[in-house]
Amino acid sequence: MRNWRAKTAALVAVSALALTACGGSDDNGDNGGDGTKNEGGSSLSGTVTGAGASFPATVFQDWIAAYQGDKSGVTVNYQSVGSGTGVEQFIGQSIDFGSSEEYLSDEALAEAEAARGCPAVQFPVVFGSVAIAFNDASLDGLVLSPEVIAGIYSRDITNYNDPAIAELNPDFDLPDQDILPVHRSDSSGTTFVFSHYLNTEVPAWADAFGEGKEIEWAGDTIGGEGNEGVSQQISQNPGGLGYVNQSYALELGLPTAQVINADGNAIAPTLEATTAASEEADIPDTFQFTINGVGGDGYPIAGTNFILAYTCGYDDATADIIKDFWSWTLTEDADALALELGYAPLGADLKERVQAQIDLINSQA
Amino acid sequence: MSATLSRQRKRIADPAFRWFVTLAGASVFVILAGMVIRTTNDAWPIFQYQGFFSFLTGDQWLAGSSRTDSDFTGTYGAWPFIYGTLVTALIAIVIALPLALCVAFYINQLAPKRLRNPLSYSVEMLAAVPSIIFGMWGFFWLLPNVLRPFLEWLESTFGWINLAGWKPFEGPVFGSSYLAAGIVLAIMILPIITAIVREVIAVNPVDQQHAAYALGATRFEVMRKVVLPSSFSGIVAASMLGLGRAVGETVAVMMLIGSTKSWDGSLLSAGDSMAAHIAARFGEATPETTKALMAIGVVLFLFTMIINIGARLLVWRIGRVSGDAAV
Amino acid sequence: MSTTDTTDTTAKTTETGHRSLLVKQGNAGARAVKNRFATGVLTAAMAIAVVPLLLIIWEVTRRGIGAIHWDFFTTDEPSYRQEGGYRAGFVGTAYVMGGAILMSVPLGLATAIYVVEYGRETRAGRRLSDLIRFFTDVMTGIPSIFVGLFVYGFLVSSTGGLGQGFNAFAGSVAIAIIMLPIVARSSEEMLKLVPDEWRNASYALGASKSRTVLTTVLPAAAPGLATGSMLAVARGAGETAPLIMTILGSQYLVSSYFEGAQGAVPLQIYRGARQQFEAGIERAWGGALSLFLLVLILVVLARWLGSKANKLK
Amino acid sequence: MSVFDVQGLGVAYGSFTAVKDISLEIPRNKVTALIGPSGCGKSTVLRCLNRMNDLMDATVSGKIIYNGEDIYGPEVDAAEVRRRIGMVFQRPNPFPKSIYENVAFGPRLNGFKGDLDQLVEESLRSVALWDEVKDKLDDPGTALSGGQQQRLCIARAIAVQPDVLLMDEPCSALDPIATLKIEDLIRQLESSYSIVIVTHNMQQAARVSEMTAFFSVDIDDEHGMRTGALVEYDTTEKIFNNPGNTRTEDYISGRFG
């Protein structure tokens, strides 16, 4: 049997710790505001539809289930169709809110504004990271540097006993085994986070491959469809190595790599490390940011997710649900769910800034 | 009074019905034209930007991110996907067609009478099984348990084959590959082709079969020389339907072909197909990419047209020679 | 050829002085061998073809049976890792298929009526019929994903389309386009089977053409027409790709046909199989099994109607 | 000297017994007619004579001795039986091929090595069809009239040079003139072939045959079973003029109920 149950148990313990840690500073500000909103929320009813990124789909789903649990008549429908579709459908007005791993550029924001007749807002709601998983369980904890990861995916490093890997792992008995790099075959935010990381850390990668939701992979690498496809490819091919959503790796208990961050620390993809990474990020007022150069205790391959909404054009019932739901996702209950599933919630300061954005929704109606 | 009224109503009802069914018939053109115009229109800027010919033959595909109809940044060579579609569909039909013929003939001619109905029911049922089920089964069960060992054996036994530079079974073996996708497609279209072929040979006049038997023909000769020739157009139609399904199959191929944007002569290497690429990239597509995916859709549509026209010509030509009454 | 022996007649004649039946003339021995060989090949092919199909049924049943219980049909799936069911998907599929049937069956049937009953009257009509038949064949081969792209661009998207957004109606349109050629072609074959004598008998009683078609031809062909439509429904109910682009999907019950994203069983399977939680994966197999059973029921029903049709003849 | 010696023949389709306990000897180079009401099993018996019943999943008991051998013997190949014993069916059933190919079909199967053109011509001449079709041998056989088609089918059957010809109501789908032509043809063929013909037309039997077998239906009301049985077998003259059995007499004189 899989050992995910044990891991989940450990995780819940960790999340409890994390909660007490950030709970203190959180109590006074937001909770009061949320309280009044929730009172208003009892009269809410209707359906809102959102679509977009699959990266946070797991936590969104549980958030929605928990949120709806005590509100009859309210339905939040979120479909993880991919952030590209999410953005286009948001701009195309066919959904109420969108979600994307990549922030909207000024150009896209302008297009959205032109389509709706009022500006759009975007705000992050959760952080997540991308883990490097192996076929071989004995490799759990193997240390990799961004240069080595880039080397593996550009097929310069093709064997686990390569000197570059050996140098980082003096204590490991490395197998003589060809590496088979697995990537996502569908375009995805996970690929974006992964390639963005290599793109910013490794110049040679930037020259050859760049970043994106899909990139031109080197030959003799193989694609898998979705996180499931990648993990199947990893488990079916000896020597398989691939990148998957951390929440996914956690649930399946996949053996994963430690990755060296900007401060030279080898960090395993844990929740604390993701939370730490999110605190490293320098977030501008426009919320147009990516997580780069993570140091300290932060796990370096991390990304966030943006929610897209408009400042006008909703009927009151819809706007109330959107605002109430996303405000709710900033509460401790929501944070606990996120942690349980392997996502890092926002820090207290960021939550305040995000709440301000949420308040702008439909404000120009 | 009421008699004239009803006659009048009849006089109106008859032409009205005629117009209704004529319009319904014409609706096929309207829907088809609508689809072609709409998608071609969306894809047009990409064809203009890339050039239709280089879109078909180019083997590099880099999605761009322009939000308008101009300033495209990508490179669009769809050859790897066209190639993947061709190769997988060909593998599928090469495996499935002879098997389907055998199975249809077995059910119709050899199987014990009381088994014939249950067998043809089962075939029909399997022909209607959603492709997502074939995809799930192929990926989660067949690939690791059967296909991988089989492909590895192929590689180790026939990997040396080199036909003027073409090495059909060259390694490495990843599992997901043209051949894996082709085999699962074959399993998927087998009941589809069988169901139609069985139906076609079932309506073959028993009289003629008996005439051949009475001349001392063996069972095999009756199938070969009486049933097969006069079922030819039906068999072609069935194959084309199977081929069409194989060419257009999305989910099952997406799960099994390995999705790389390069193409390779070895059947054991991973590739991508047109339909699978559209489906896999649609979710994250920028407006520019969406147009490029529409362009693949248009090419895919042209393929179906060519297959159908080809089938027509084939039926017509060979039908004349074999005296097939159904032509 | 080794069995051919015409010289040694003494041993191979019967008491009556005739050549024995056991003596193979000319090429008869070779033909018998060929026949036996072909019989072997066909039987082997049958076995080869049956094995994977049995394996599919086995695997889908084995992995899906655990998920199927009452709650599976009466509850929604709020989250993959929690308890739940595919109610939203079943209702959504019913909505989408209901609309698709209402659109495609009358249209496909009318197309077939034109081709068989009216198209044969004139030269131009015959040419139009041939074209219709050709293009319905082309339509049968159109990849469903292409249909999805079209309906998305035409109905759903507001940039260049009608901007209806995702709803069950858009899904119905897409599925109807996929079903239409199947209904039209199978109905055509069925109508062709109605003997001309019946039509003539109706005309002889003074019935008009439309009356003849509606009261004589259609009832005679009804079971066969139902069979074709059922098979089209079975095909449409399992479609996945075009639904992503038209109904989007929903885990929660949606009661509106024209408003808001709608769920469907194949979509729920597709998404459920791609995530990490055991419960959700099991439900995906359960969904696959129920889709499989649905198809089974439809086919058995279609066959039952078909056999009734045969009895009528 | 008989060509067939049928001994205690019984045929069942599943649980339904079609005929039982049939014994008769069929003479060589003569025409033998099988007559009787519908359901009496005369066609079933005919189809046993070249094992066509094998195709209908019939269970056959008893023996049919053909030239001293049981055609249902364990070693006997049904195809070999049919090569020697040809058959013409109720409805003309030419293949959807040219007239020439229809006749050449059997010889080609059997690996005929002589002059095929000549064989086709001879076969068509012997059914008196040659003059009508010699200029259109490439036309489809299905384009001929019903009577011509049936003669084409007879030509096709004799092109493989069988020993016996079985005819299953060969004229029932034809008009009177075409019927007469076929009857003429049957009498001509008699010298070279043993012919067994099933007919429901008693005049026809009287006109063409030397021997006649009359079949009837035994009705078992208790079990609701209807089984065909041979009532009387004798020369045609005796059957029609002086039948030995009242059932035969009733049938011949039209009093059969």
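Read from first to last, the chains carry the letters A, B, C and D; within each, the first residue is number 1.
By our rule, a contact is a pair of C-beta atoms (placed from the backbone, for glycine too) under 8 Å apart; a residue touches a chain by one contact, two chains touch by 3 or more.
Quick caveat: nothing in here was measured; it's all calculated off a predicted structure.
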By count of C-beta pairs in contact, the leading pair of chains: B-C
Reference subunit A; chain at largest CA-centroid distance: D
Separation of mean Cα positions, subunit C and subunit B [Å, integer]: 15
Approximate Å spacing (C-alpha centroids) for the pair subunit C, subunit D: 44
Subunit A and subunit D: spacing of chain centres that average the CA atoms, whole Å: 83
Whole-Å gap between the CA centroids of subunit B and subunit D: 48
Overlap residues in subunit D, where contacts from two or more other chains coincide: 79-80, 83-84, 109-110
Multi-chain contact sites of subunit A, meaning residues that touch two or more partners: 81, 88, 225, 229
Where subunit B touches two or more other chains at once, by residue number: 140, 218, 221, 282-283, 287
All pairs of touching chains, each written as two labels joined by a dash: A-B, A-C, B-C, B-D, C-D
Residues of subunit C that touch subunit D when the two form their complex: 14-16, 18, 20-22, 24-28, 31-32, 35
Interfacial residue positions of subunit A with respect to subunit C in the complex: 47, 49, 51, 57-58, 61-62, 64-65, 68, 75, 77, 79-81, 88-89, 91-95, 115, 225-229, 231, 247-248, 251-252
Subunit D-touching residues of subunit B, taken from the complex the two chains share: 113, 205, 207-208, 210-218, 221, 225-226, 230, 323-325
In the complex with subunit A, residue positions of subunit B that touch it: 60-63, 65, 67, 139-140, 143-144, 148, 172, 174-176, 254-255, 258-262, 270, 272, 280-287, 289-290
Residues of subunit C that touch subunit B when the two form their complex: 31-32, 34-35, 38-39, 41-43, 45-46, 48-49, 52-53, 55-56, 59-60, 106-107, 110-111, 113-115, 117-119, 128-129, 131-132, 134-147, 149-150, 153-154, 159-160, 177, 180-181, 184, 208-211, 213-214, 231, 234-235, 237-241, 244-245, 266, 269-270, 273, 284-285, 288, 291-292, 295-296, 298-300, 302-303
